[in-house]
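Order of writing sets the chain letters: A, B and C. Residues in each chain are counted from 1.
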């Protein structure tokens, strides 16, 4: 008997079942099909404009920073301004996400923008989030051709652009959208839920930012809510 | 203890018959608490009786001896069957009787029913006074400041926290000073304190520090086991805080504090 | 019974003695009592739905456990369809062998590790080292205990038992490539030093091993939850990613896992949400600019199927948040290493005997006052004191408790079931004790009484029991 056979036989023996029972199979199939939502906190259940404000507040509460921009065109200038504010070299790496590619980067002449994954030598990265969750100020980043996961973790400063209309009140709304966009059988390799910059309190319970991931997380919320 | 020998004329509604579950620690170490309970119950309008009794069975239960626990439980349930209510001046014993007795008899329909009826009428003393007999104040006086320790079983199994404070607030002359972490264990834990004495000592030492930090003259609680543990430590440390069962103060009973000579 | 490396649980009392006499440890533990407890309370107060979410989380776990075989099958199917490999291990040995096989196939020399309690359970680090492969812990707390050759002392904060001075001394001892007299005054400096060293490891590793906070059946996904981002670097940069997960980690759907995530971070670290919650499904896709080429999930039993079929099933709801040990007065007194194995505190007191056998961990469920704070804060409402009591029942049945305790209880039980004899015996006892109390404050020579009076005074009883006084009172009325 393989380990698999032994393990499943052991589970079934403990539960007193054979695995062939119709009722049990139906219950499982039902739950997978319906994916019931459970308890959704009221906190994020707000009209779109209020949701965006809550999202920005929660990002800041998690030690990130947030800026609300009227339009995507303002992103390159906001990025350049951040780098200047923190005396960082005018260099960023971004993924090939079409929404980022379409931005007027050439308006910021001094800004050197390269495209691709991170190899650990980049100080600042720019990504585009799939969604945001107002409930906890969480960004939802999906991996893919256009969105290297390493950009979320290796650089010291992580700048993330998110469309205001993609800011949901709760995670459950995001999962519904994920199912619609990708299908439940073809999730991206990685979905990163990111809430604030990297941190650790392992050295005598003192909280420090930038443990392994980015020390600084800056979120640019763009466009109209709703 | 002064009490009228003759009973007052019977009121229109029959007085509730309360079987007092005195608890073995009160029975053996500090009977005054039992008499305080009787006074409080009678003042609230109950007729109190004390059937012959031994123990709730918790030492056996927490040592894993279910057979002995069941035997004791059957004895207790039978002895207290005649009463309208069963009242114990201890959150831990009342918790044992009320929340743990039923599962001892799972699978035995007859005893399950008897246990269920027993549990439904069993209460810890202070919460019985406030919630069942609707007592909202007492007439006792107590000059001085007290701090109150929330014993674990009473708090977490029976929800006792506000009730003793409500009654203490009505005691003339008494001021209550809450301690830090009043709801954290004192380290008694029944046989725990003698099986793991060093760990118990560390826990009760922290508790003694919190008690002393309130500046209160007197420590109160609803459980004699906790009180003996804390009083014993306070005395060993030379901390001049007296310890009493809350029932003594509410009943206005004036005797030497726990461990006082 | 499953093997257990580094097990010192039988020496619980000795461990406790050392712990109580260790001023650095006591100072470190004081931080838990005063810090995380208050922060968790404040965070929970901000979410009115918290208790309802606990009920929901419990229901989801119970449903899943009742259908565990079917959800595991679903997980395996989806994970495989996404290009992942699912392996099963009944024992710790099988899990270790499988990890080694995958590492060998990848010609691995360096392995980075995200924090994994299952990894500690199967002692994978020692095993890899014995086989010529170097594992490097990347969670900062795990790194700190790895360089001390210690087990973690807490399932969330592995190095909570260490003071800054100890960490500084360890870094000077181990990081010999740096100037020995360098200034390590600032916590930030220590962190940066570790970050630089571990960054190099992340980028050089051949294989990354992580645990899994959850597995999602609906999508074939594994989830890791970290604050540092180390787990993500561990699983994204190397060619191969191995997930170590025990059978009860599986959860049906994305929505179900969201219910559990809402109570996990709040219970574990008092955060609304941990910084990084990562959902991984299979290896790198065509067109992915980064990610591992191979993705393996090893699903481990190691005693859990036995728990599923018995009195300890509720323990399988545990989501490893650590709230129980944060609120435990015993843990706060002696720290995690006293418990002698991978899982300390209340959850360890129930889980450890299930895995290593009650005869090897008998003290753990006994060293509890049953104060109930653990159950009060458990996000999935595990009746921890009740489960510890079940272990005591097993010990009693198997005559594992010390003879003196057993006979003392038997004597008490004999009297307690005979009320009239009890009344006579107790009357004599309190009379005698009352007399002694007039002359002695300490009773060192009475066995258990000695343990009491070692640290505290014992109040002399009145010379008559309540029941005797009551009977007299009734007679005179």
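We adopt the following convention: contacts are C-beta pairs under 8 Å (C-beta built on N, C-alpha and C of every residue); 3 or more make two chains touch, one makes a residue touch a chain.
Note that the coordinates shown come from a computational prediction; the quantities given were computed from them, not determined experimentally.
Set against the Cα centre of chain A, the chain with the most distant centre is B. Comparing chain C-alpha centroids with the centroid of the full set of protein C-alpha atoms picks out C as the closest. Each chain gets one centre point, the mean of its Cα atoms, and the points for chain B and chain C are 34 Å apart.
One inter-chain figure worth recording: chain A and chain B are separated by 54 Å, centre to centre, where each centre is the mean of the chain's CA atoms.
One inter-chain figure worth recording: chain A and chain C are separated by 29 Å, centre to centre, where each centre is the mean of the chain's CA atoms. Taken together, the chain B residues at the contact with chain C in this complex read 1, 3, 5, 22, 24, 26-32, 34-35, 50, 52-55, 57, 59-66, 68, 71-72, 75, 79, 152-153, 156-157, 184-185, 187-204, 228-229, 231-233, 235-236, 258-259, 261. Considering their complex, residues 28, 31, 35, 47-49, 52-53, 56, 60, 63, 66-74, 78, 81-82, 87-90, 94, 138-141, 144, 157-160, 162-164, 167, 187-188, 190-191, 195, 198-199, 202-203, 217-219, 221, 227-230, 232-233, 236-237, 247, 252-256, 258-259, 261-262, 269, 271-285, 287-291, 299, 301, 305-306, 308-310 of chain C touch chain A.
Interface residues of chain C, counted against chain B in their complex, comprise 13, 16-17, 20, 329-330, 332-334, 366-373, 375-376, 389, 391-397, 401, 405, 409, 412-413, 415-420, 422-423, 426, 429-430, 448-449, 451-452, 454-462, 464-467, 469-470, 473, 477. Interface residues of chain A facing chain C in the complex, by the touch rule stated above, are 2-4, 6-8, 10-17, 19, 24-25, 27-28, 31-32, 35-43, 58, 61-62, 95, 116-117, 119-120, 135-138, 143-145, 148-150, 152-154, 170-172, 175, 178, 184-206, 208, 210-214.
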